[in-house]
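Working notes, structure below.
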């Protein structure tokens, strides 16, 4: 019944495309393929590594991914701790599932209409006499900190993570475990802090990391709500790929390769870290 | 059991490249081309960003060519950069036939497609209707200072206008000095997109600084660019603190600019189509008080074109469709502001009387300026390298500062 | 009484985006500082219906692609999750599923376009299906694996030990315990495919006209009222799917 060996289909579908894509991007970035390539050169790599745009984009993408995932995880945990195994019941079910039907572009459009200088919020502020003109309203979109982007992503991530953590809560029988802990005399606050939150975060860490990577890679939302400079990485890459200078195309592939290498490094670090955690946990046990 | 996915993969590979059917030479005469075109499908990649334009193509052009010539017209939405990206990819992958036959292109796309040898040609002189076209007009027969040389067919002609809200702006600024004074008095109400339209606006300013008119015509001149662009950035940086968001960021798309104008956040927007103000008021997007004008420093007038891809399998049908698009019937209909309002590429003074009268009797524009009135301020497109450099330097010299 | 109120507010909050979109889609001239638009018009909807054939085809294409990708992705995802859980180094293999996410989907498409063009798969539904599967499958594997815990496997093993055939195990034990997760993974996979834009555009070269492509055509038209109408078109089918699937998705036992 148990088959051993190599899971070929998995390798083919999950690893194949990346290897092919990365290979092509690498060759293109070095001028070895491509209609306009003129043989091996490191010029494009130099241009990207020296450009402030690239480092700014890297910093901003990281910042936005970290802030978004922290905020939405905190909100989702709060919801699950508040409602526990009843999180997805009755009207709440709809409240958490409905937002999943909003794609990134529509969310970006909505945030533009709500938080823009002449958006719904700004009009409310005017109606309440708080502002006199669109210019009085603080810049919440197209600002350099990516406020609008973070809000849009958080609104999308929170319901999703709530559903995810609520399901984990059930499938991991967190309720039963916490009841045992409570019976043993642990106060509720400590049950949440020492038991429920760590348990959910540990079981859900892959998904959380994956979601952070989604945010890091996002394109449609920063395209509408982001600032020109710094821009998020996908926006910068597509800009290089599609704008007026054909000579910029190899730079787009340089960024793609760097981007991929960087995320591989993050994944390896994370794996190393979780293995370290597991080993120390074993030692302690 | 184990091999099923290999089967799946083979299946996918097998339904790949279809057989090349109708390669070979085109018939020598036009009747032969029309005959060869029957039954072909033309994949036309075009900018599909305007309801009126989409309506003109899908409810008028497509049914007409199907009925008259037996040609199936398949519209694929996509801008110039997508055409370039796709054709470049196809050439790199060694494809023998292109996914698209016809492209709606202009200036910078034409330049890029010629760089990668993506276009078929020369072909335009074979079209019977090409005889009406005003090829001698520098705004039509020359594209971004490049001779079109039969590789693209002029299809429509437009001039850039600045759109403003007359309920907020009593007298719109007409010169660079007035513009600076205006934004100083009314900060945060003007900006422009970083894409094509915004760059076209910057070009007009650059030409004005260089002395106006033909000052920068001809091939790209590094020394001229260095000198005048320095002045341009100095001027734009004077404007910068009074632009929307203190000029720290600019909208990425024209759509975003239009939206901010529509909701009252901005007092200005701009358009490469001189009749757009009427269209957008009609759609209920712009306020009825929106007006369009051309500043004294002028604005770029340019044409848009049709190109046939070198790897197209259906060149005959693409030509027949192109010939229909420049027919008197199609040009006249397109020039009607209620339909689209796109300027014609015909030499009006050389048309037969009845046709000329038809063009002159088209219903008038409402708030869009008359073409004759803004023609004097029309500037020719600059060589493509100017736009590439402006796009790059605008980032480094203005936005990132 | 109080918790009910909180949930009701949360529900209204979740409804607000949809109501806002619908309202905006029938509006005209919504100028600052007015809270409400200055006019109402059904023109965007009229125009959308006028292009009916087009949108109908797009809707069907999208449904076909999203249902196929969702179903294939979910089945392969769970099959792989199970297979990996049986391997001695399963967790280690699973890490490879994260690899595709070192690319943003748009960038992955840009880097793979060469191969799709080369194989003649670009501009075809088959190509778009395959490309979307590249994104959906690893995600389904990861998601499925997080549900496919050792506890579940132990129960399957237990059933097997008690004499159930693998099919019976799958039909009873696995189905009972996994139908919630299956529905979630399917719904998520469906949504990724349903909303996919950049990848579909690059691999389908605009010829595989899915609903998002049509919708963004409207969004690019700069008219927020048309954009709102188009966005409504895009979000209604997933909402319906939610409604139909609520029994499965909302299991709370």
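As written, the chain order gives the labels A, B and C, with residue 1 at the start of each chain.
In the analysis below, contacts are C-beta pairs under 8 Å (C-beta built on N, C-alpha and C of every residue); 3 or more make two chains touch, one makes a residue touch a chain.
Note that the coordinates shown come from a computational prediction; the quantities given were computed from them, not determined experimentally.
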Number of steps on the shortest touching-chain route linking chain A and chain C: 1
Furthest chain, CA centroid comparison against chain C: B
Interface ranked first by C-beta contact pairs: A-C
Rounded Å distance, chain A centre to chain C centre (Cα mean): 17
Centre-to-centre distance between chain B and chain A (centres being mean Cα positions), rounded to whole Å: 37
Of all residues in chain B, the ones touching two or more other chains: 82, 92, 259, 263-265
Contacts with two or more other chains, residues of chain A listed in rising order: 9, 118, 134, 241
For chain C, residues contacting two or more additional chains: 32-33, 114-115, 219, 224
Chain A residues within the chain C interface of the complex: 1-4, 7, 9-11, 13-15, 17-18, 20-22, 24-25, 85-86, 88-107, 109-110, 113, 118, 120, 122-124, 126-127, 134, 159, 163, 167-168, 170-172, 203-204, 206-207, 209-210, 213-214, 217-220, 233-234, 237-238, 241, 252-253, 256, 259-261, 263-264, 267, 271
Chain C - residues contacting chain B, complex: 28-33, 39, 41, 43, 47, 51, 54, 113-115, 117-124, 126, 130, 201, 205-207, 209, 213, 217, 219-226
Of all residues in chain B, those that touch chain A in their complex: 5, 9, 81-82, 84-85, 88, 91-92, 108, 112, 115-116, 187-188, 194, 245, 248-252, 256, 259-260, 263-265, 384, 387-388, 391-392, 395, 399-400
Residue ranges of chain B in contact with chain C within the complex: 12-13, 15-18, 43, 45, 48-51, 54, 58, 74, 76-78, 82, 86, 89-90, 92-95, 99-100, 253-255, 258-259, 262-265, 280, 283-285, 287
Chain B partner contacts - residues on chain A that touch it in the complex: 8-9, 12, 33-36, 52-53, 112, 116-119, 134-135, 139, 142-144, 223-224, 226-229, 235, 241-246, 249
